[in-house]
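Every chain is named by a letter (A, B, C and D) in the order it is written, and numbering of its residues begins at 1.
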Amino acid sequence: MAAFITVSKRPILGLPFLLPSCDSVSLELRRSQSSYRRTKQRLRVKPDASFGLSSDKTQDHIIYNPPSSSPSVYHTPTKFLPSDDIRRSLRTDTTADHLNTEGLPSVLKSPLGKKYHLGPSDITEIRKLRLGDPITWSRSKLAKRFDCSPTFVAMVCEAGPQKKEIQKQVLEAVQSRWGAKRRMAREDRKLRKETWGRDE
Amino acid sequence: MFSRSALARAFALPLEQATRQSLTTTTFRACLHQASTPSNTSSEEPLSATPRAQFSTPTEQPTHPTPTANPPVTRADVPIAKQPLPPTFMTPLKVSKSLLDTLPLLSTQKPHYISAHLHDRPYLLTEGDHLRLPFLMPKVKPGDVLRFNRASILGSRDFTLKGAPYVDERLFECRVRVMGVDSEPLRVKEKTKRRRRHVQKITSKHRYTLLRVMEVKIKTVEELEKEGEVVVE
Amino acid sequence: MPLRGIRTVTTARNGVGAFILPCKRLDFHYCDWAGSSRGMLAFLKHALPKFATENPQIEIRVSPRPHKHPIITGHYINGREKSICVRNLEPEQIFVKANLLKEASGEKLKRTKKPVTSINESVRGIWSPYHGGLKSV
Amino acid sequence: MKRLQLQRWSSSALSSRARTGGRLQRHLYSSNRFQSTNPTPLQSEADQSFAEEPSIPSTTTPSPKFTKYQLPSPPIQAARESAKLAALHARLYLPSRLPLETLARCLVDPSADSNSQFNNVPLAVLGHDLLTHYTSEHLICTYPRLPLTVIFAAMFAYAGPKTLMAMAREWGLEHAAAPGGEVDPGFLQFKRVAPGTDTNAEPLIGTTRPNEDQKTWRKSITSSVVYDNEFGDPDMAGVPSSESSESAIQTQYTEGVTVEQASASFVRALMGAIYLHAGRPAAKRFFEQHILSRHLEIANLFSFNQPARDLSRLCARENYEPPVAKIISETGRKSRHPVFVVGIFSGQDKLGESVGASLAEARTRAAVAALKGWYLYSPLNVRVPSSMEEKGAAPWKPVYVDLGEVIV
């Protein structure tokens, strides 16, 4: 679908101060003009040319002009449409965004690769170590030794009750040193995080 | 204005494409259909405000005798673009092939908006919007249903149906309901003349019609086929 | 619980489905003795029955208000009310005033500049500089 | 203090209780009533019998003068004389087959009149079932993938008591200060709760859930399908009536109800009355025009806890490639106001996209957008099963049924 090639009403040559390399002498020789308003006016983004009247068309016609805005949740991604939905076939060619997904950087620093290399014997080993000597074998140490993530260690086993008690006391000791400002800032951060899931 | 029920039926029919071509430079007049049939008691249609003027699909209209026999009442002081035009459907709707191909893309993508024109003024509307016209619409009562039949743009998120300059009214349906009459607070303008110790106070208090958009719908290809459209290049 | 539903209330859109006339009650007050009520008395005797039958959705109350000017008060579904003093008016003028109260929305009079108010989400979204084709200024 | 204490000059002239004040008022009083849409409605035989059935007096009637003040709710004859009632009937465009007497009965809450032959409980039960049936079928057919908690929330938004109270207010319904036989039947008759009563602390007894006394037990969402009502609240109604629950309900009624409960029961009773008098199509139309036409932004009902985990489970269930978050564009990474646009991709396809002030926020929001994209799928040309009840309906095509929500 052809979006119309826009012909700007003002050619760029009419805006000498917007050109990168401009002949300053010729500008100084010109009559002075109050330029702030004009500059603002010319820098203002004009409405898309597809919204103007197209004089070459004599019939009603449909154009494809996706908006410059973040996508709406009410428009189901094509991958999520059921196979018998008619929109799946309609959306094939024209409306696919040609985004080069390969070149985009990932959010996470290290690529997320799951290895699934630990067996049941390893897991019993982890449990035994953690229950036996929780001070030495912390989550990070276990993770390093078994080459897995600390989250996986937490999923597999729980710390013993004494270790939990110690950890609780440490946390209380740390929190007791917080003042009102830090406490409030922490609470605010927590509340802000909750709004992410509500998409506010 | 055209009067009442006799003409209402004939004028419910929008203007045809052929005359549109010739009239492009001269007449494009917004049609404000309102037929004030006497409000009968709603015995057959309870649970709803009696729609006193409601036109559904225009093709269901019978073959009216000669719509051109009723020339539009033109007034010299009103610009030609703002005058209403009795629509005439002598020929079926003509749509281009490309429009038919892309119409499913537009009609399956909801919601829709419409840039409806009334007295040559555009209003960007979606379903459920509240519209306060900048004038008092005559001869309407609260509860009436009007159909807007002049639009320059209809669209969804990604697609836009553009008219040249107006979309044929058989391609869409936009209905609004009259909610009542509102007025602005009293305005007082103080006028003074020189060397005259007198202040003249001019007051004005305009009244406006309130509308509510009931539906904005773009017809699908199947509905157009049912109404008998003609595909042209 | 991984996902919770948030409880809200739907917003009314009077007129989209059913239409409820905003004016729910009209009070007519008159005085038997005073001369400023003469037009009101004539209106109540002759025009009010017809007005009432034409507008069955409005409750009509008539009551005396001795030694005062006649007034009409409209009560609206948003809880507000509007009063108009109709002293020394002719029955036809009172009819116009009653019609005005009938058609009013009940809202406080405000000067608005935008004709359209919408509670819908924007169809094409809110413009953002990070989306769409970049424009070369 | 009952409605006897009227506003001084605005007693309803058209009602029978009007004091004969001036000449004009007498004149009006002697003339016909103009406020009823149809003073003699065309009633079928069945309707008449229905309307007259409750009028069988249970007690002896010595004289109407005395009984009027002794009755707990307005007598049936008063319905014809109330201007308020007739105006309400006309304002809602109710069918003329629905008589004013039934409308008056809809306005009597059980807290005002505990006799179920005169109050709106039977109608409200029917109306509540109809409302929730139509709402749930609309929600499930329009958004077949909605998770259950969101369906509960949407049901509450469409047909919950708060919405019904708002509707009753928008219909111009007024409340009686206290119920009684002498009150205009156009008012909503209910007994108010005493001031200072804690409305939230309700004793949850007599619900259908077993082991209801165990407050600390976890209540799963699946069990709420079975035991709870249509809004996900503890169900009080479905219990087989026993001695204790009966007495509990009785005490609840004598204690009074809130405006919200009374208004909601009125709207439900009206729905049931329309169904009984005018039939199923009229009830369906009433529902569509008054409830379905209201505005609800259904995407705002979701509250995710761990959207990224849910999304990866979803992709694993549907055999998609695992989702990967990638930065589409960004600005001001080292500044005070960074903006990141992060998209979630599964293979080559973009599932969701969002903007955030940190990478974690943008990623979470993008996952929420992707999940909403999944859950808010809506098929084209939605039809509900009850549309088959119309005459000349097209043959039924099965609607889309989803596997269900993601279980983590």
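Observations, loosely collected:
Convention: a residue touches a chain if its C-beta (ideal position, glycine included) is under 8 Å from a C-beta of that chain, and two chains touch if they have at least 3 such contacts.
The structure displayed is predicted, hence computed values, not measured ones.
Located most centrally within the structure is D, per distance between chain CA means and the overall CA mean. Top-ranked chain pair, ordered by C-beta pairs in contact, is C-D.
We define each chain's centre as the mean of its Cα atoms; on that basis subunit B and subunit C are separated by 25 Å. Remark: subunit A and subunit D have CA centroids separated by 40 Å (rounded to whole angstrom). Averaged C-alpha coordinates put the centre of subunit A at 47 Å from the centre of subunit C.
Subunit A and subunit B have CA centres that are 43 Å apart. Shared interface positions of subunit A, i.e. residues touching 2 or more other chains, are given as 66-67, 70-72, 74-75, 86-87, 198. Residue positions of subunit D touching 2 or more other chains: 37, 92-93, 289, 295, 300, 302-306, 328, 341, 355, 380. Shared contact sites, meaning residues of subunit C that touch two or more other chains, fall at 6, 13-14, 16, 18, 21, 119-121, 124-125, 128, 130-131. The part of subunit C that touches subunit D in the complex is made up of residues 1-14, 16-18, 20-21, 24-25, 27, 29-30, 32, 41, 44-45, 49, 52-53, 56-65, 77, 119-121, 128, 130-131. Residue ranges on subunit D touching subunit C, taken from their complex, read 9-14, 21-25, 27-28, 31-32, 34-37, 83-84, 86-87, 90-93, 147, 149-154, 156-158, 160, 162-163, 166-167, 169-172, 186, 221, 232, 288-297, 300-306, 309-310, 328-329, 331, 339, 341, 355, 405-406, 408.
Residues 6, 121-122, 124-133, 135, 137 of subunit C touch subunit A in their complex. Chain contact summary for the complex, subunit C toward subunit B: residues 13-16, 18-19, 21-22, 100, 102-105, 107, 109-112, 115-120, 123-125.
Only residues 299-300, 302-307, 320, 324-328, 341-343, 345-346, 348-356, 359, 361-365, 368-370, 372-374, 376-380, 400 of subunit D touch subunit A when the two sit together in their complex.
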